[in-house]
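Every chain is named by a letter (A, B, C and D) in the order it is written, and numbering of its residues begins at 1.
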Amino acid sequence: MNFASDNCGPALPEVMQALASANAGFQPSYGADALMEAVRTRLREIFEAPQAAVYLVATGTAANSLALATLAQPWQTIFCTPLAHVQTDECQAPEFYTGGAKLTLVGEGDKMTPAALQAAIARLSPGDVHVSQRGPVALTQVTEMGHLYTLDELAALTAAAADHDLPVYMDGARFANAVAALGCTPAEMTWKAGIDAVSLGGTKNGCLGVEAVIFFDPAQAWEFELRRKRGAHLFSKHRYLSAQMLAYLDDDLWLRAARAANDRAARLARGLRDVPGVRFLAEPQANMIFASLPRATHQRLHASGAVYGLSDGPLEGGDPADHLAMRLVCDWSIEEAQIDRFIQIALG
Amino acid sequence: MNFASDNCGPALPEVMQALASANAGFQPSYGADALMEAVRTRLREIFEAPQAAVYLVATGTAANSLALATLAQPWQTIFCTPLAHVQTDECQAPEFYTGGAKLTLVGEGDKMTPAALQAAIARLSPGDVHVSQRGPVALTQVTEMGHLYTLDELAALTAAAADHDLPVYMDGARFANAVAALGCTPAEMTWKAGIDAVSLGGTKNGCLGVEAVIFFDPAQAWEFELRRKRGAHLFSKHRYLSAQMLAYLDDDLWLRAARAANDRAARLARGLRDVPGVRFLAEPQANMIFASLPRATHQRLHASGAVYGLSDGPLEGGDPADHLAMRLVCDWSIEEAQIDRFIQIALG
Amino acid sequence: MNFASDNCGPALPEVMQALASANAGFQPSYGADALMEAVRTRLREIFEAPQAAVYLVATGTAANSLALATLAQPWQTIFCTPLAHVQTDECQAPEFYTGGAKLTLVGEGDKMTPAALQAAIARLSPGDVHVSQRGPVALTQVTEMGHLYTLDELAALTAAAADHDLPVYMDGARFANAVAALGCTPAEMTWKAGIDAVSLGGTKNGCLGVEAVIFFDPAQAWEFELRRKRGAHLFSKHRYLSAQMLAYLDDDLWLRAARAANDRAARLARGLRDVPGVRFLAEPQANMIFASLPRATHQRLHASGAVYGLSDGPLEGGDPADHLAMRLVCDWSIEEAQIDRFIQIALG
Amino acid sequence: MNFASDNCGPALPEVMQALASANAGFQPSYGADALMEAVRTRLREIFEAPQAAVYLVATGTAANSLALATLAQPWQTIFCTPLAHVQTDECQAPEFYTGGAKLTLVGEGDKMTPAALQAAIARLSPGDVHVSQRGPVALTQVTEMGHLYTLDELAALTAAAADHDLPVYMDGARFANAVAALGCTPAEMTWKAGIDAVSLGGTKNGCLGVEAVIFFDPAQAWEFELRRKRGAHLFSKHRYLSAQMLAYLDDDLWLRAARAANDRAARLARGLRDVPGVRFLAEPQANMIFASLPRATHQRLHASGAVYGLSDGPLEGGDPADHLAMRLVCDWSIEEAQIDRFIQIALG
């Protein structure tokens, strides 16, 4: 009953098999492997973006930091939410990679509204050398609280950014879960909605450690390549990144794994609704659940071996004093039986 | 007949098997996995350094840059050779990670002498705010030209550094090849010789992508951890780094693989000595050979499918005009038959 | 009638005279001038801090950035208010000089409370490698809205910082105005109140361009010297910085100039209270006034040649729709007659 | 008898007078002062460059670092000589301001040859992500050894850079001395010779502390402005920088002061040629002399109160063992009588 994070589970068997298959003979290093050529082709197809620049790195923080550093100047500020992973969970990697850009926090929660974004942008006069200069907007899809931006919401946000010629980056650590939940195409959720660059996470959805970074404008490709190498994120035995990603993309494995995770979370949420004293802190839309429960229920769960974290989000006013917030994350591998057992214990 | 680099070959079967075995169930993320505890214990045993701080990263450039950034202040200069990997092959990753440290080039080749190091240090007056401040010394063992520092040479260099309280880092991308070639212990080649921090490379010697970084003074551990996270080099699914390293260390696999590579290179060197027109540009001591051959011989080899690179090292004056320098690297997997065939073709 | 800023007025005659006097013969460069020795002695006396490390730079942003970079690690966050000069007016110089530190905004206005500081500190778990690490606290005295921290308020804030071993820096761009207004000693407002480092501004109070930076713990001196040189802020003809500061300190000129500015602002505030429709946005405590006036009054003032800025502070809800906020700053040189004329015009 | 440096002497009376004149009433801050408008116009006339972007900073290191940071990307290397001020005397300010660019040392001395530059450029393959990327060329005119590049030499160097689309920056800390010595126009020595950006130093030639930075392509203006502010080098009371520069440019004061300095150095060099045992280490071409003298002669000079430094340049093999190298710098203020007395003492 492990719901700690989708980075605690195992890799998909197809991914492991692909690694084994890739482990034969010699291959050119540093991204010149034959498998990477296939990855590039496949991702361009999936994104309906034949010109896109496509890269692989091994961690989500690398994807975010390198992409944002390519989009932002050191004297600019990045617009993100106060709960954004780049703000709260990366030990200031974006500040490091950009050479000292600022993160301006928009709104109060995990989702940004166009009005809040417009206000934050408007506060910084262009042409005033004293203030932070306006820079890229960073959105997370699925958000850090398990929410989704609808396609319309994305379009409105990117329009607000475009009004000021600001690029928009999408942190897609859970990109697959979002596409699966929205039932849209990758193109619809990205460049068709005005996104300039995106990461497509593999690590949290059944890979060992691989994230794709896609720039829809290939003009930014070479700078990204230099930043990746200089950041020590260019793998010599790159074939093992390629192999993971290729297997992940084959036969919609990425979507199937995400659907499994989302379905499990939905089942878990359904069950939780009957648990006495439960309160959902966020409407579950993908594979994460934020809810509060009475302390006694938590104790019962932990005594039974359930593993999960306290929520990163603040516990709002509505809860009784003895309630504690939790974050439950379902990955592709969690079994329905474990979910049902969790619910049973929670029901008491 | 691939001698392009030891980062072009496959991973060791034991390492692949360990990855598969590690892929079961849930594990805490970000280095809290059970396998990492075993790696830490094992590396401390191997280095006879029970207090050492031990970390894993996925690339050699990450190991070098993060370790040097931990040892150097931004206003200091790192002393290294003109052929050092950190100088020639990392797109200025050390400058990036240190926040603008300089690399002062010592001597002319791939090996540093104590006299040259002393002279370079002496040129920078301590207490003069205008000049680069003296910083760490970076040595590569095996060097970029396939040479070895003897234990005495290491001791003399670290003594020169210690005279000025400068720490010494060893880039051990081919650490195993060096230990195998010298027949010494890891402790003798590092802290017993005055080395403060070292990387022990797995990637070039049969892993997919893993390098250990060891600080013999654990006081530097926390800063390294912060730098690793901030550099986006802390893996969430860390167990897959741990599993590689643990398998690599088990039963001296790391040494056995290195000995295989070194032996193959020795066989190749022996055979090459009979090739008409050959000239060795460096005395082969580990798994790399730098030699020049007549252009016609190169053409014959390439026509037969041999793959290898032009040497990074300069072609010295002694060669006839039609000679070209080459770099041949043997990894653990190269077969004797391929070496023999290479020689046969070269012999013409 | 210029109230635009205290950086728009002329230098004090005594300062100009000192420059002229200093312009004789040869002097050692880079801070080794005889006048700097006198500055050092004088500042140590004034601060009752015989061990303090004392430096001069030419701009307030340099003082702030270099001091904060000396106190903060790149992976730490600096705690300051949302209106702090370091946050809003320095084009991310602190981020640049620290190598990517973050600024965490405490509270809503220009003054920080101990409770808000404690909450902001508590939000970042020490020992968690993923989050911003706790770093120095930066206070501005006089604040950007013209407020003062009392000595008790300072002591409470530094105590909150000391609970977590965090150093406290005071941006004293208007240090003299604060000392003059509080009627305390420099020591009482700094190290006796728990401040670790402070700038004492000259530029806004009658110098051409000079700020002292004082570290009460001399252990940080050498790093600051290196950062100052590396930041290109060490003057070769340093005597001209020394001469300004020495004249500024002589015979309490710094305090006399500040008292003049504060008195003028008090006169202006008194007069403004009778202006129809006026509303003070902040209680004036030093040499700055933030107030809102009807648009028609502004138009009359501008037509008469009055120069002043729109307030940086937000216009709060209580004002009628046709009101606009202004910032009026008095420097030492503004004449009473100009203030009286300003009031007369405002009265209509 | 002070020949320590041209940053040890006093400021020109005209410059001091201009400061006093500028010290009246209120002026807009941060470069919007009326005097700066006149400086801009004047410099564009002097350089015959009506579109040039023109800025003032207070130190030579700021001019160099900010200009190079505007021209270089962090992953590029700057080509300069081993004796370049940016390499030897700025505590790695260029590395800091560029965010980690490297300095590649071209040749052995203070002057770069086109062949050496071409070779250094050629060594770095464009498009290879592993190596330092080619960046700007930095020349110093007058060089650090008191030499001059002829206009033809400059043209040949900038042509070599232009072959690879690399910009060329001229460190003109002693720009006036060079123009005076070459008898050319500022335009001929800069953009007509292929220079992209240049500093025109005031500090070493009779100002208190001011350097102009000129970009002949105004497209780089805004980035420079942001870098200057972020580097804390934008002066609030900017009029005092403007006033210095304007007085310096008026009536060719800059050239007259430089001619005075050059003439004094020529007189000193003529006299020195008769001193027993003297050897010139560099042919004096502007206001600096590098020569070696017997230790006994040095002792006599120092006993008489002469002040000068040991040369930064290496003492070459030709000197007797008891000789020591010296650097003598003449500024505009040094009197002929002092020079004659120095010679007399040296003659013994």
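As a working rule, contacts are C-beta pairs under 8 Å (C-beta built on N, C-alpha and C of every residue); 3 or more make two chains touch, one makes a residue touch a chain.
The shown structure was predicted, so the numbers you read here are calculated from the model rather than taken from an experiment.
Among the remaining chains, C is positioned farthest from chain B, on the basis of C-alpha centroids. Looking at C-D alongside A-C, one finds more C-beta pairs in contact between the chains of C-D. Separating the centre of chain B from that of chain C, both taken as means of CA atoms, is a distance of 51 Å. One finds 42 Å separating the Cα centroids of chain A and chain C. Centroids of chain C and chain D (each the mean of its C-alpha atoms) stand 34 Å apart.
Residue positions of chain A with contacts to 2 or more other chains are 30, 74-75, 90-92, 96, 99-100, 129-130, 133, 226, 229-230, 234.
Only residues 30, 73-75, 99-100, 129-130, 133, 225-230, 234 of chain D touch chain A when the two sit together in their complex. The touching residues of chain D, when paired with chain B in their complex, are 74-75, 77, 88-92, 95-96, 98-103, 129-133.
Interface residues of chain C facing chain D in the complex, by the touch rule stated above, are 2, 4-5, 7-11, 16, 19-20, 23-29, 57-62, 64-66, 90-93, 96-97, 203-204, 208-209, 226, 229-237, 240, 307.
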